[in-house]
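The next part holds the structures, each set out as structure tokens.
One chain, subunit A, appears in both complexes that follow, with subunit B as partner in the first and subunit C in the second.
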Partner chain A sequence: MTKNILLGFIIICSIWACQEVPSEPLPILGRQEINGQDTIFHHIPDFSFTNQDGQTVVNEDLDNYLYLSDFFFTNCPSICPIVKKQMLRIYDKYENEPLIKLVSHTIDPKRDTVEKLKKYAEGLSVNTDKWMFLTGDKEELLDIAEDYFVAAYEDADAPGGFDHSGKIILVDKKRHIRAFAEGTDPEDVTQLLKDIDLLLLEYGVKK
Partner chain B sequence: MKILQLLALLFLFISCGPAHNDEEVKLLYDEVIRIHDEVMPKISDINKLKKRVRKLEKNDETSIALIKQLQDADDAMMDWMADFQKYKTLADSSKTVKMDYLNVEKQKIQSVSDQMLLSIDTAKKYLND
Partner chain C sequence: MGLKSKVLFILFLLSMAIACQHVTFKEGEILYETHCSHCHMPKGEGVGDIYPALNNLTEDYAFEEIYCIIRNGKNSPDRVVEMVAINGLSDVQLHNIVNYIKSDMNGLQHEFSANASREHLLPCPE
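Then we have the complex of A and B:
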């Protein structure tokens, strides 16, 4: 009996020792509400948009994925082309990682029609199963942008005067925001790549 | 020796010339983009204000006009950006053409900026912010 306990102890110890020192898991960002005993974390609300192929995309379509979200429009003169390069960087790194998706929302649905988004995706030569481009009702798009950027607001030093238009947001399977980066800052995106790896590890994928 | 120095000087002038032209165009282009970048994030403020005015459900003339004013300001910015794509087609044009175009665009984006800020200001006053 004592032998068995000892053996069990040794086995547990060796499993323990074999594991790498785990990094701190990524925090859940955004406002938190306390509801009785439960803490309700900020999460991305229900949405329904249309992708570059004219198909409807809802939250459930992304439930089994970790995804990077950003906002853009094809006529954007300054920030978007820089952010696009960084999104491509993320795309290239995780092209063969099935758990990762990229989701770009237009904020100019009047001009960025399904056809326009399709052409835009073709111009980038990306697989749209992996990186989708969404359009929809302008107000709904701007509203959901607020939900994605809420984490960034809290990070802002200057309240109200914060330019959040170039942010890339990392969302987990539970619709929680886990990290974000300034899409115009390559170094910030390098950190985001590490954060993505960390989140993948949480879901059992080692990079 | 003197001729060589003169030649070198001349060469320097020639090689610096076009770069200087482009520099002036670039400065003006950057100025146009700066005006745009400064006010662009306020598109989300306009959206928020529009929703707040709508939520009051007053449906009177003032609030209807205010919502339209906010919407028009938003449209003006989106229209300007779509229009400004034309600049890309001027890549091979002369400096004069580019400068003329950018000078007009600078005025246009300044007026879009004014329009957006005014609509935000008007809405905030209406909502007693």
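Then we have the complex of A and C:
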């Protein structure tokens, strides 16, 4: 009798384990506007920033990629290091996946010059074709942070002079935000890694 | 093996596991979490060369050197990120952090008891 129950249990478990749950595609996040018949989804607006080599980077440079975006500043004594640790985790996993790029924006362009960002990238030992570090006009940077769901503003009382959240945002080829994680929470980033795989699948890349 | 010895063996393993997690410098650990772990990471693993790892120190890394870096900060032109001085810590607290880093994090000998130098701050190069 006990044996039969056990056998039944094992069979149920095996069936359960074999079932591949079909995943829904990732949603398009953010506010939608209905314009007549069309729905306009939230998307990343036009931008023009400068990378760690002094080259201009615009949206079109990222049009053929899925990218992860975050906001930081090198003088940040609070959450930035742990977020960078998690960005490094993403970098390490997708180092050889050509469709994925990483984009870190400084919100302190006065201190974070092109040279400083270059040094920062070198300090992380990352390939800047894959992971770029952007600076530019401060207002433009703080504004676009909002489009990336990141609250960022100057605050003399905050550690390092800026207050901001450590979100890591996943953007698709159409500039739509498809997923995000709190970069300060490694478990949240583990979920984001699964979301990245799901988005890659949408573009025909099986991980 | 009898039931009794099995139970004893499991108890032994459990106590070993608990013993291995023991932190000698508890105050140092708490202070580390408050003041250091943001950048040097909770287990001292660091982030690249920017926030250096602290969990791979060797014996020749002098106690005084770590002590003075915490007290005065560290900056040089080739560093991307400046380490700011950690203000407001007593000498005993500084000792406890260094002892925690050396002893609990790296398994090295801790060199000073806080009481031994309670009288005066160690000299640090300014």
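The rule we apply is simple: the second predicted complex is superposed on the first by the 170 of 207 C-alpha atoms of A that agree within 3 Å, B and C clash if a C-alpha of one lies under 4 Å from a C-alpha of the other, contacts with A are read in each partner's own complex, and residues count from 1 in each chain.
Just so we're on the same page, a residue touches a chain if its C-beta (ideal position, glycine included) is under 8 Å from a C-beta of that chain, and two chains touch if they have at least 3 such contacts.
Source: prediction; values computed, not measured.
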{"item": "Partner chain in contact with A:L99 - subunit B first, subunit C second, else both or neither", "value": "neither"}
{"item": "Partner chain in contact with A:V205 - subunit B first, subunit C second, else both or neither", "value": "neither"}
{"item": "Partner chain(s) touched by A:I79 [first = subunit B, second = subunit C, both, neither]", "value": "both"}
{"item": "Contacts of A:K116 with subunit B and subunit C, given as first, second, both or neither", "value": "second"}
{"item": "Touched partner set for A:L193, first subunit B, second subunit C, both or neither", "value": "neither"}
{"item": "Partner chain in contact with A:I28 - subunit B first, subunit C second, else both or neither", "value": "neither"}
{"item": "Overlap of the subunit B and subunit C footprints on subunit A, listed as residue numbers", "value": "75, 77-79"}
{"item": "Complex contacts: residues of subunit C adjacent to subunit A", "value": "38-39, 41, 47-51, 80-82, 84"}
{"item": "Sites on subunit A touched by subunit C in the complex", "value": "74-75, 77-79, 81-82, 84-85, 88, 116, 119-120, 122-125"}
{"item": "Residue numbers on subunit B that touch subunit A, as the complex places them", "value": "33, 36-37, 40-41, 43-44, 47-48, 50-51, 78, 81-82, 84-85"}
{"item": "Subunit B-facing residues of subunit A, complex", "value": "73, 75-79, 107-108, 110-111, 139, 142-143, 145-146, 162-165"}
